[in-house]
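I've put the structures underneath this note.
Shared between the two complexes below is chain A, which pairs with chain B and chain C, respectively.
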Partner chain A sequence: MPGPLGQALQAVSRAISARTTLPILNNILVSATDQGLVLTATNLEIGIRKLVPAEISEEGSTTVPARLLTDFVSTLPDQELSLDLDASTQTLGLRCARFDTHIKCIEAEEFPPSPRPDEGDRLEVPLEEMLRAVEQTQMAASTDEARPVLTGVLFQIQGANLTLAATDGHRLAVRKLTASRADDIEASLIVPARALGELGRALKGEGSQLEIIISKARNQVFFRAGSAEVNSRLIDGNYPNYSQVVPTKSSTVVSASTTDMIQTVRAVSLFAKDSANVIRIKTGNGGLVLSATTNEVGDSQAELDAGLEGTDIQIAFNARYVLDALNVLEADKVELLFNGPLSPGLIRPPGEEDYVYVIMPVRVAM
Partner chain B sequence: MGLFFDTGGYGGVPQAPWLCEHLLAVASDPIELGLNLADPTTLVVDLNCAFASIEQQHDPAMRGRPLAIAAYATDAATIVSSSREARDLGIKTGMRVFEAKAIFPDIVVREPDPPRYRAVSDQLLEILTRHSPDVLRMSIDEASVNLKGTPDLARLGPEGVGLAVKQAIQREAGECITCSVGISTSIWMAKQASNLNKRDGLERIDHRNLVQVFGRLALTDLSGIAEATARRLLRAGIRTPLEFLYASPETLRLSGMHADVAKGWLRRLRGFEVDSFEGVARKSYSHSHVLARATTSDGELEELLMRLCEMVGRRLRAGNRRGRVVSVSVVYRPDVGRFSRQLSLPGPIDTGEEIYQAALRLLAARDHRRAVGTLGVALAGLTAAGAGQLDLFSGASPARRERLETAMDKIRDRFGEDAVQPARLLGRARVVRDRIAFGNTGHPDERKPEA
Partner chain C sequence: MPIAWPRAILHVDLDAFYTSVHQRDDTSLRGKPVAVAGASRRAVVMGASYEARAFGVHSAQPIHEAQQLCPELVVVRPEGARYREASRQVHGVFRRFASPEKIEGVALDEAYLDITARVRHGTSTPEDVARRIKFMVHTEVQLTASVGVAVSKLVAKVASGSRKPDGLVVVQPDTEADFLAPFPIAVIPGIGPKTEERLRLMGIRRVGDLATYDTQRLVQALGTGGAVLQRYAQGRDRNPVDGSRPPRTISAETTFEHDVADRERIEEAVRDLSNRLTERLQQAGVKARTVYVKVKLPDFRLVSRQVSRTSPTDDADVIFRAARSALEKSHLESRPVRLVGVGLSGLVHPEPDLQMSLFD
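After this line comes the complex of A and B, so read on.
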């Protein structure tokens, strides 16, 4: 029993923020319903709900300190666990194997009511594809709260076409996917990247389809798969017109093995750590030369086999931005398109239109 | 044997505590103690009452009078330096102006004039380089020189060079400016020697007199040992510099000292060069301001914050650095209490505007009911500048605000700090002044503002 319960507790605990001014938000709402045990946690921006199969003898609910419950359950042996609540003292009794434990709880009534997706536009996408799309875009979002709009991922929905885009001003990731079922909707919403980061953990293994419900009126979005749900408030504001910065022409096209390139960038960038993480990329001799230098540390240079078309180029990038893209490309080969050392470069799986990643170079003296 | 003796570097000092009494009697032998037996070649020169002496040199009316240099000419300000005459009355650095006035009501209080002090500091450095190229600025009023292998060491000896330096300073920087010279085998020990006589002193500590000198000192007289460390050492039963010298690394561990730090101290106390000052790189840029009148007004605090951020940004760019950890500190007044917050940004920044935006958010979390007496802002997490990450949305040209600040820097370099201001600060009194920090102010990464 503790197996699935422990995983579910860990998944919903992710919604609990480390610093909250409302003590009740440190608790998980535990409800025994006719469907099983429902766990809910929220920080008022993101909410996560999971259903754990359980045999219910009496329905009821309370809120349990998240950290304590999660840590405790994770230490229990994989045997049957029984929970019973003493409603008058709000004490939750847990019995499992040799353990007899009592946890002091807070009444369920204190817990903020979760927003319900009673109305809103709906679309359905294959779950695995969506999780991949999120992974491929979310890392490009900004973490700088000074520009809230950029801390989110833009969802553009036009009928069955869904486009995810994220940028922090230095790089941009755009992923297109097709909904398996959609209302005839046209919408554009900005979902906090942090909420999307929880989708994988909370929804993995919950069926094959993901339902997205957009409640514009409540400024909320709901992601549902199987019996699990992640909801999030939306970010207000105008997203920058990203399509204008996606390069449409290129003077140099490079294609290389993705794993070789990842390994090379990783190794060389160790020498870029103290110099703003800048690596230089140079074409020539039927391949690429990658290099990095930090004055007090040393330097490294490596050659990489690559197919080249067009004019030779020397360009510099933040190595982390390059690695972020290569790591989520999910293709054996990578195509890099450049149009001069001061224009954005483009990374994509060869011949594919569904995913593009644009990086702005670093201006350096070559 | 191995249990009681440490063979690492500083000689075999018996370690067992029950041997201590016995040791005190016998361990004054320099060889047994593992002292550095080399002839001293390192001088530390410390300007006496530096800021106050320089002011007295500049203005003859100040000479022979108790004079305090305070951060600001307000009663609540902290005294950063005082003249010999004031010190003789018991007025010390760190006191508040009102405390000094309670001791001597007619004390003259002056605000610091950093460019004037830097000029003398530069003169001191220049004088030292006449004797050896190996010169190190330790702070604005303190420098060291290593004479090893120089003709002057052979010709004049360390004391002779010390005297020559003293004469040159008085001749060239002014008769009011005296200095204490310490001579020893390491910078740290030479600094101890310079501290022995703060009135135009010239003292040497070497293996011949080290034990005797330490016997006259208190733990907190040692440079680098302040009250807190002294209290921790006390837990290990160490009350005096001699007990510190005789302590084993294991005893020092009892005071919570890290093994490497303990080893370092035991070598340092024996006159060996342990860590050079050169390892000390600047870790942050900060500015703070004591308000003449404490305030709760958001407007006033925002204006002050903006100005502080501008100054941090300007010095940061002059030092060719960027930083990503912004912190704000507040001291409430008259209520006792402090507030500080810090924020790590995703990427490094270097413009006053960016620092201000982050600092403003931090400041908003303070207790708005209490009046703010001191406001400070700092930027840490420094990296080298010149990382010209271009912006997707502004293209190949640097971001607009960077271009703006570059232009403003050029204007200020040429026409002065007040030549161009954010509109919000126009017409405001120039409340935040150039300040001298304690410690490694002369860091070579920083262009001098007056230059």
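After this line comes the complex of A and C, so read on.
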């Protein structure tokens, strides 16, 4: 038993802030319902709910210190675990194998109620595809909380067309996908990247479809798969018009093996230690030359086989931005499109329209 | 073909710094023997002008002794603020030639600069840079400096001290040992009176004697440290210029006379604190990556929240907005507050921002 319970506890605990001003938010709401054991945690911005199958002899709920419960359950042997609550003392008894344990709890009434999906708009997307789309965009979001809008991922919904976009002002990732079922919705939501980062852990393996529900007030979003749910407040504000920075023309097109390029960028960028983490890319001799140098460290240069079309170019990027894109491309080949050393570069799987990644170069003396 | 400088290090030493500042600001003191000393009868000389030094007046000398040597000696009281201001101006000149990490202030009147990056491309030589620094310090701060130029701190320091005042001594690479050889061994750091005496008994008086002495015998006499001293004597010193690291954090706080629950008043206080911090940031020439807010509740509980930026900032408005969003994150709602503080951490010396932006 502790296996699935332990995993569920770990998944919901991710919603708990390391430091919170409300002590009750350090607890997980544990409810025995006719469906099974429902676990809920929140930091008032993000909430995560998981259902763990269980045999229920009496319904009831309480809140249990998250860290203690999670740590304790994770140490238990994989055997049957029984939970019973002494409501008068709010003490949760746990019996498993040789262990007889009692944890002091806080009444369930103290736990702030989480928002419930109302009659808001809904759409459904294949779960795995959504998780991949999130992975391909979320890393481009900003961590600069002084510009809250950019710490989110933009969800643009037009009927069955869903576009995810994220940018930190230096690079931009855009992924399109198609809903399997959708209301006739037109909406733009900014979902905190941090909430999306929890989708994988909380929803993985929960069926094949993901339901996205937008609250009527358009201030909350719910992601539901199987019996699990992640909800998040939405970020208020105007998202920059990203489509205007996606380059529409290019003077140089390069195509290379994705794994070779990842390996090369990783190695060479160990020598890109200055603040902008600069790696230089040069075309010529039927391939690319990648190089990086840091005065006190040394330098490295590597050739990379590549197909070339158009004019030769020398351009420099933050190596991390390049790697971030290559790592989530999920294609054997990568296509890089340039339009001069000071214009944004574009990375995409060849011939693919559903994913583009745009990076602004670094200005350097070549 | 210009000479290759593996490292180019300057030691800049302001001449008779304390008294020069007084003589600069008070024309009646110029050309006179001047000493800076405290008011007490037991005070010692902090600094003496060259005119006073001619009478044998020197630093750390009891003032009554100095006055006996030089009856016309003009004694002035120390003025820390003026010295610090002059030093700050001089460091302003240094920063045009090296980043703060490459400027190591040893005292108000003495600093090492690593200008290797500056001279790497061969467009100017270390000597050019040294001349320009001397010129700027003279014209902008009205003080003279003696500068030593070498591939190491040790040799640069000996060089700057070898032709004072207003000197400029360049020790070309690979000539360090010859340059140092005639100096008394006391110029080598780590040689105090005791070691000096021991070396003297071994027949070592000049740096050159130490540089060429049998290493093993030196190690037998002084331990491994003896070999280190010998390397210094040969001009082999790889110590880096240990420039200023920015402070770890700077912060300011306000305690309210009465607990305040009004959000607007708290924000006002945060704005005020942000402005004050920004001023200090700009003075220190650093930028901050992280802004945090701390709040003390009436039960003395401390709540602290932080907001990180990807790029460092020293903009008052950006810092205020970050502080405000940190304040929101502490979920104060309308709880009253005793104290509110704003702090900045992740402080860095700014580097030129070469990463271009998608949206400008």
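Everything that follows uses one rule, which is that the second predicted complex is superposed on the first by the 362 of 366 C-alpha atoms of A that agree within 3 Å, B and C clash if a C-alpha of one lies under 4 Å from a C-alpha of the other, contacts with A are read in each partner's own complex, and residues count from 1 in each chain.
Quick note on the criterion: a residue touches a chain if its C-beta (ideal position, glycine included) is under 8 Å from a C-beta of that chain, and two chains touch if they have at least 3 such contacts.
As the structure is a computational prediction, the values presented were derived from the model and not from experiment.
Engineer: Chain A superposed: clash or fit between chain B and chain C?
Structural biologist: Taken together on chain A, chain C would clash with chain B, as the superposition shows.
Engineer: For A:Pro240, is the partner it touches chain B (first), chain C (second), both, or none of the two (neither)?
Structural biologist: Both partners, chain B and chain C.
Engineer: Applying the document's definition of touch, where does A:Gly169 land relative to chain B and chain C: first, second, both, or neither?
Structural biologist: Both: A:Gly169 reaches chain B and chain C.
Engineer: A:Pro148 in the overlay: touching chain B, chain C, both, or neither? Say first, second, both or neither.
Structural biologist: second
Engineer: Using the superposition on chain A described above, determine whether A:Asp121 touches chain B (first), chain C (second), both, or neither.
Structural biologist: neither
Engineer: By the touch definition at the top of the document, which applies to A:Leu22: first (chain B), second (chain C), both, or neither?
Structural biologist: In the superposed model, A:Leu22 contacts chain C only, not chain B.
Engineer: After the superposition on A, what does A:Pro344 contact: first (chain B), second (chain C), both or neither?
Structural biologist: Both partners, chain B and chain C.
Engineer: With both complexes superposed on chain A, which partner does A:Glu211 reach: first (chain B), second (chain C), both or neither?
Structural biologist: Neither partner.
Engineer: Which listed stretch of chain B (92-100, 200-208, 218-226 or 398-406) steric-clashes with chain C in the superposition?
Structural biologist: 200-208
Engineer: Please write out, lowest number first, the residues of chain A touched by both chain B and chain C across the two complexes.
Structural biologist: In the superposed arrangement, which is not itself an observed complex, chain A uses residues 142-146, 167-172, 240, 245, 274-276, 278, 318, 342, 344, 358, 360-364 for both chain B and chain C.
Engineer: Taking the touch rule as given, give the residues of chain C at its contact with chain A in the complex, in rising order.
Structural biologist: Answer in residue numbers: 117, 291, 303-305, 307-311, 313, 318, 321-322, 325-326, 330-332, 351, 353-359.
Engineer: Tell me, which parts of chain A touch chain C in their complex?
Structural biologist: Against chain C, the touching part of chain A is residues 19-22, 44, 142-146, 148, 167-172, 240, 242, 245, 274-276, 278, 295, 318, 342, 344, 358, 360-364.
Engineer: Residue numbers of chain B touching chain A in their complex, please.
Structural biologist: 345-348, 357-358, 361, 383-384, 386-393, 396, 398
Engineer: Touching chain B in the complex: which residues of chain A?
Structural biologist: Its residues touching chain B are 142-146, 167-172, 240, 245, 274-278, 318, 342-344, 358, 360-364.
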